[in-house]
Amino acid sequence: MFVHNQRLQYTVRVAEPNPGLANLLLEQFGGPQGELAAAMRYFTQGLAEDDPGRKDLLMDIATEELSHLEVIGSIVGMLNKGAKGQLAEAVEQEADLYRSLTGGGNDSHVTALLYGGGPSLTNSGGVPWSAAYIDTIGEPTADLRSNIAAEARAKIIYERLVNVTDDPGIREALTFLMTREIAHQKSFEKALHSIQPNFPQGKLPGMPEMAKTYFNMSQGAADLRGPWNQGDEWVYVESPQPAVDGGTGMAAVDLPSKDEQALKQMATRTLSDTASNPVTGADIGSGTLHKKTA
Amino acid sequence: MFVHNQRLQYTVRVAEPNPGLANLLLEQFGGPQGELAAAMRYFTQGLAEDDPGRKDLLMDIATEELSHLEVIGSIVGMLNKGAKGQLAEAVEQEADLYRSLTGGGNDSHVTALLYGGGPSLTNSGGVPWSAAYIDTIGEPTADLRSNIAAEARAKIIYERLVNVTDDPGIREALTFLMTREIAHQKSFEKALHSIQPNFPQGKLPGMPEMAKTYFNMSQGAADLRGPWNQGDEWVYVESPQPAVDGGTGMAAVDLPSKDEQALKQMATRTLSDTASNPVTGADIGSGTLHKKTA
Amino acid sequence: MFVHNQRLQYTVRVAEPNPGLANLLLEQFGGPQGELAAAMRYFTQGLAEDDPGRKDLLMDIATEELSHLEVIGSIVGMLNKGAKGQLAEAVEQEADLYRSLTGGGNDSHVTALLYGGGPSLTNSGGVPWSAAYIDTIGEPTADLRSNIAAEARAKIIYERLVNVTDDPGIREALTFLMTREIAHQKSFEKALHSIQPNFPQGKLPGMPEMAKTYFNMSQGAADLRGPWNQGDEWVYVESPQPAVDGGTGMAAVDLPSKDEQALKQMATRTLSDTASNPVTGADIGSGTLHKKTA
Amino acid sequence: MFVHNQRLQYTVRVAEPNPGLANLLLEQFGGPQGELAAAMRYFTQGLAEDDPGRKDLLMDIATEELSHLEVIGSIVGMLNKGAKGQLAEAVEQEADLYRSLTGGGNDSHVTALLYGGGPSLTNSGGVPWSAAYIDTIGEPTADLRSNIAAEARAKIIYERLVNVTDDPGIREALTFLMTREIAHQKSFEKALHSIQPNFPQGKLPGMPEMAKTYFNMSQGAADLRGPWNQGDEWVYVESPQPAVDGGTGMAAVDLPSKDEQALKQMATRTLSDTASNPVTGADIGSGTLHKKTA
Amino acid sequence: MFVHNQRLQYTVRVAEPNPGLANLLLEQFGGPQGELAAAMRYFTQGLAEDDPGRKDLLMDIATEELSHLEVIGSIVGMLNKGAKGQLAEAVEQEADLYRSLTGGGNDSHVTALLYGGGPSLTNSGGVPWSAAYIDTIGEPTADLRSNIAAEARAKIIYERLVNVTDDPGIREALTFLMTREIAHQKSFEKALHSIQPNFPQGKLPGMPEMAKTYFNMSQGAADLRGPWNQGDEWVYVESPQPAVDGGTGMAAVDLPSKDEQALKQMATRTLSDTASNPVTGADIGSGTLHKKTA
Amino acid sequence: MFVHNQRLQYTVRVAEPNPGLANLLLEQFGGPQGELAAAMRYFTQGLAEDDPGRKDLLMDIATEELSHLEVIGSIVGMLNKGAKGQLAEAVEQEADLYRSLTGGGNDSHVTALLYGGGPSLTNSGGVPWSAAYIDTIGEPTADLRSNIAAEARAKIIYERLVNVTDDPGIREALTFLMTREIAHQKSFEKALHSIQPNFPQGKLPGMPEMAKTYFNMSQGAADLRGPWNQGDEWVYVESPQPAVDGGTGMAAVDLPSKDEQALKQMATRTLSDTASNPVTGADIGSGTLHKKTA
């Protein structure tokens, strides 16, 4: 159960109204790397998590992100307060206000004002928040990696937002929020490493050879080598070839004998009841389909 | 520039048509963890990347993911081929076909057939693919973490899909695709570690104290401790308090003197031109706004 | 600031797993009338509200809706727990599980299981939650009416969900949640009536005659009369006509003299600098545009 | 069946082209409170409505909203006509035009012009219209409340748009459209009151005690009381507590005897076949699941 | 201005309720090829069209599509009427009804019933209608081609829907609607051909050589030739090459002298103030940028 | 299988950075008529196509569109490179940069920069790319018409983009891309005409009379006649009437005897088992439903 305290988690000081800045800050209210996305990512994971420790961790951070959502939304409201204040005055002044804001054309923050000046669940470009931002899949080692990445992205967006304003109170509050992302990222790293082994995720091991092959699919002068495709751990395929129809489909890779053995074992398990003339990729344009012989 | 070879990267054998399975496999064609999302994540990063090595890495893998998109789309087409084949026959048989597929009600794969039986850019529930799935933000150490997480999620979804079918040819092709995600995840890990330091991302360091504080926001019997909130690296706040209005906003944390110093320096830089009576969070409901004195 | 208590607001008892029912209940987790939509509607209004009493009301209810989101999400998780439990077993059993769930085809709850069995922010049809569900516009008498309507809709959806299950524990929890919507609706009604006058909303009064005219735009045998278009308050226009080009545009209405006067006054204020040959609706296809004479 | 008359419902006079204003007016063409949303809300309700009087009312207003959609779309087209006119000239002038419109950067109305200058089904920020805006649920007393709220919101948006322009012809047309929302709101109010009783909506009465309880979930200095949580109708819970596991789940409420009786009766009906050891909310993290004993 | 007649454009006879079929028919109510998409496509074009003849054509057909929307929505309502009828009975029967509909799992039509059984603006898979379906761009020869294509697609979807039902009344109504798409397609074809020349659309002619080149980007055994890449009109590039850095960027094409001349003329006009060392595509990874010399 | 060459298909020269222009060009990167939409339209068609010639055509063009996506994305990156370059400098300069870009308010290109300055999969207004843009339905003569229309629209958008910039290198690259759309449109036209007959699409012929009727649904002074509703091929219905309840539903059309015969034959086939008292459209509000007599 949630309880709310009427004070913010962090005191916010705003020097003066600035609807354009308010609009940019919506990025962390209703944007993809924003606080609602963070809260809902951890909350949905926490609800489904069976491990009590990780469940507590996820709920701790989900709750804090909701408090951050409140902080950033409060800043947006304060930056629009002047506009909102004038909106409470006479009609003529309101028109002046809008015209002063629109200037020569129409900026996206005017749409935000049209909706009343409060924080709206959109990004800074006016796109409504979508649960498509949430990448929870219910597997802890994958989800924790998603969380680490999400905190890393949020940290960068906060950094960019700090750099677009001179208002010291807003810079301080954004710096607080940015720093908390660093702390959360660290917690998620620790939680991931407390699960061993954590790579590869899940239960199926994959084809041994294919897990160490690097295909040089983008070719040219800059085919550079680095730790990501070089060294004992990698088989580098200079010029990858498509599957040879009817073959193993891995023609481009010279399989060492021990992996070949492993693959054969897998094949035995999975391919045992294959029809003798199955449909292949190369047949896909031919209009024929070989029904499995019963 | 892209070039296409008419053969698939991996030979696909399909034992018999199965529109329901075809529909589930759409998850990796047009779903959030699917191959188009992967290809576009790396492609948008690669276009913006200045480092030639990482650019090559991103383009290599983006291109391979497009080839995987083709593999999974080909499987979907083959699994629907029987339906499509009968669609080419007389009208009466077509009606029979549809009725046999719908059974007692309406399943989502019928919608897919309504669109012609080819692979459509939706997830297995019929939701159209959205660029909201792409989390590229143009900062390499954040983006590489996003890539690691994305590959981890894709691996798990493939694993679950392997488990919903007995068709050995499809299991083998899905296992190949799953294994490639493992290889890509490894490459992105290596690329991330080749950038040092890579944490925290970006240039702003954050408030030192806040980067090591853990707030116990979710309280109860199961307030468990683990490496994510325990040990020398962490200040554990048992019962977090909101900001004291007008104070530093960090009342719940007992700041050690050295961090206090660092924060003051930051404050000096950013707060120097603050008005003497700025608006605070607590004022937000009061309808007053203190304009910055010029 | 939000704080979380690890116990739910209402105890949930689930008799046995039921992934199909879990999927239906997602309607109130991530659907348009669900608890996240409710929480975010009131939260965004509360952040922007200047009146301390209404702000407190909105935050009270927003917080409770978050607690309801947790209750409904917990039920979903429990109903999927059997599936999730078996997912922790051997691979072969997992495949059996999925096949038993899919039956002859593909149902949308299988997509939900593909995502790990936890509650996902979608409606019962798998559509991701969207901030387009939130209708906050920052004007209290309009927003309170939106809240009343939203609670009314949520009450009905809960009622329909109560009727799709026999599980007594779930029926009881859903009845609790349904009842709270009734209580909230009552609170919002009271808050609306405490603002007087509250109709019409806003500051502009509108054209007096047009506010009492009813246009019979849908014509036929069933042109029924009721309190919505009958009585002293209404001018009923049997056969509405379009505007007469160049005229007042209100040709279908026989304006009483006193309203005509009011309209003329408004016209004086707003039309004083109109060009003598303005563009009219009828000109829109003619390709000419009369520039305002400076 | 619909029939169209080539004249508008209300004559529109536009003083001079203004693409920025055109863009803002799109809010009521393709925005959430706009005329298409209104028309489709009433049209979908009307198609499903069994009561002939309310069906006629809904179709009358749906049809009028389509006519308003045409009015607002015509204004948008006229305001863009200058741009469109120049677009019909030489290529060089077109480039000049665009450059004059974009000024120093890129404003959202330029995207609108890129699409040809006609009205597009987006809001003023360029977001495509979505049926997620429609909240029809097929229950008359809930739907009529949704309609009242929708008209209230539309009235406010029109008022704000009136205030952003000096063009007297546009102000007059917008005032006409705004006034019609007032009239529609009144009609829907009358129709709602003609259904008695209309509260609570639907057939299930809810838990009597819970319908009169107010939970003070947001706590602090401003815990204000008002008609929404004060008086004989309300039980005010100062400090709400979560459910006691295994208990009634309503520990925070002191149930008066008569309501306790009613709840018991309901419990008898719904809980009669509960298993003796059901899963509870507190068990959700423990990994065990008690199967209903058959 | 629109006027509505309470009778449908085409009489609908429904033999018996069938919620599953109702759900499939939603495809043409709120799906991408459905009647709202058609109506809004032509309506937005008509509002922006300056030619009186084409404007009338577009408004004629837009209005008819709205009438079709009403026909298809009425069928959906009638097919759900049994469910809705039983919903008006006792609560226990309602529960029975839902259970009978869900069968062993959850089908998407249950979500539709959850919303009250009326037609909802979604496709048959439950995806909300989106203005992203509308492809109006305000250029008549392009828009008319879009309309021809849209009618062709709608015809096919209707044909598939005819084939999923035996109900003769529904088959007849769907056949009527399908036939009208054929008629509309013919009208749009005639309107397109009445504009001469209509290809290429717009004012800029393009690079003469590039307009007749065919790049064989997908290579393999099935590099087939047909009228789309064979004959005097085409230059077939067997093995397309990327641009040579610093060259013309069209290295793969052997430019005939007369076209080279035309390109040079264009280049003279557009390239005259190019800097001597401009940034090229090949430089994009090098981190340097040559500022235009003023 | 796809392979990538590190050089672009067409050399791009950019004179100087221009984030506003970069943002406009996103229209063809992630907009509805952009290159990803084109590539995915043809790719999904190609995967499902059984005819080897058309499959090759679709894959050729899909692959080229991916190469165009890379060209346009590279331009966007280069136009933002200055901003990105400065982003690599000190924090203070970054802040200056952002402020210089935002000017007096907030423009949508600032959101793009917030995401790092690389190409993002949005249109020029910031709306994320959606698969709702893809209109593939798996019927060649309909899909080829969709392709022709899509190329026509893309050509126009490129033309408009050419006109918003003076940069000769960008104008040349955009002209190349525009010209390729002309070539593709021609190929699709040829492919459509190589299928005979291709109208009407599909197998069902429709009601003969209804295929030649034109309903004058939009009435007024400008009821113009043209080849789309005039001549031997058309029956022009001046004043269309709704269906007469219980009649044929085609009361407004005077059926010639030969067509009447055809319709009767169809009726015989489809209406043979109709109940004697079927539900009609006019009954829809009456609450009764006649069950089919078995």
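Lettered A, B, C, D, E and F in written order, each chain numbered from 1.
What we mean here is this: a residue touches a chain if its C-beta (ideal position, glycine included) is under 8 Å from a C-beta of that chain, and two chains touch if they have at least 3 such contacts.
Being a predicted model, the structure only gives us computed values, none of them experimental.
At the chain B-chain C interface, residue numbers used by both copies make up under half of all numbers present, so the two copies contact each other through mostly different positions.
A rotation of 180 degrees, rounded to a multiple of 5, brings the CA atoms of chain B into register with those of chain D.
A separation of 28 Å divides the Cα centre of chain B from that of chain F. Inter-chain spacing, taken between the CA centroids of chain A and chain E, is 31 Å. Touching two or more other chains at once are residues 1-9, 49-50, 52, 55-56, 59-60, 62-63, 67, 74, 77, 91, 107-108, 122, 125-128, 130, 132, 137, 139, 157, 166, 203-204, 217-218, 222, 240, 242-243, 284-285, 287 of chain A. Contacts from chain C toward chain E in the complex involve residues 19-21, 23-24, 27, 101, 103, 107-109, 123-127, 157, 160-161, 163-166, 217-222, 240, 242-243, 284-287. On the chain F side of its complex with chain A, the touching residues are 1-7, 47, 49-52, 55, 91, 94-95, 98-99, 102, 104-108, 110-111, 114, 122, 125-128. Residues of chain D touching chain C in their complex: 5, 7-17, 32-33, 52-53, 55-57, 59-64, 67, 71, 74, 77-78, 81-82, 85, 130, 132-133, 135, 137, 139, 141-142, 145-146, 148-150, 152-153, 155-157, 159, 162, 166, 168-169, 171-173, 175-176, 178-180, 182-183, 185-188, 190-191, 193-194, 199-204, 206-207, 210-218, 222-229, 233, 240, 242-250, 266-267, 270-275, 278-282, 284, 287, 289, 291-292. Within the complex formed with chain D, the residues of chain E that make contact are 1-9, 30, 36, 40, 43-45, 47-50, 56, 59-60, 62-63, 66-67, 69-70, 73-74, 76-77, 84, 91, 115-122, 128-132, 134, 136-139, 203-204.
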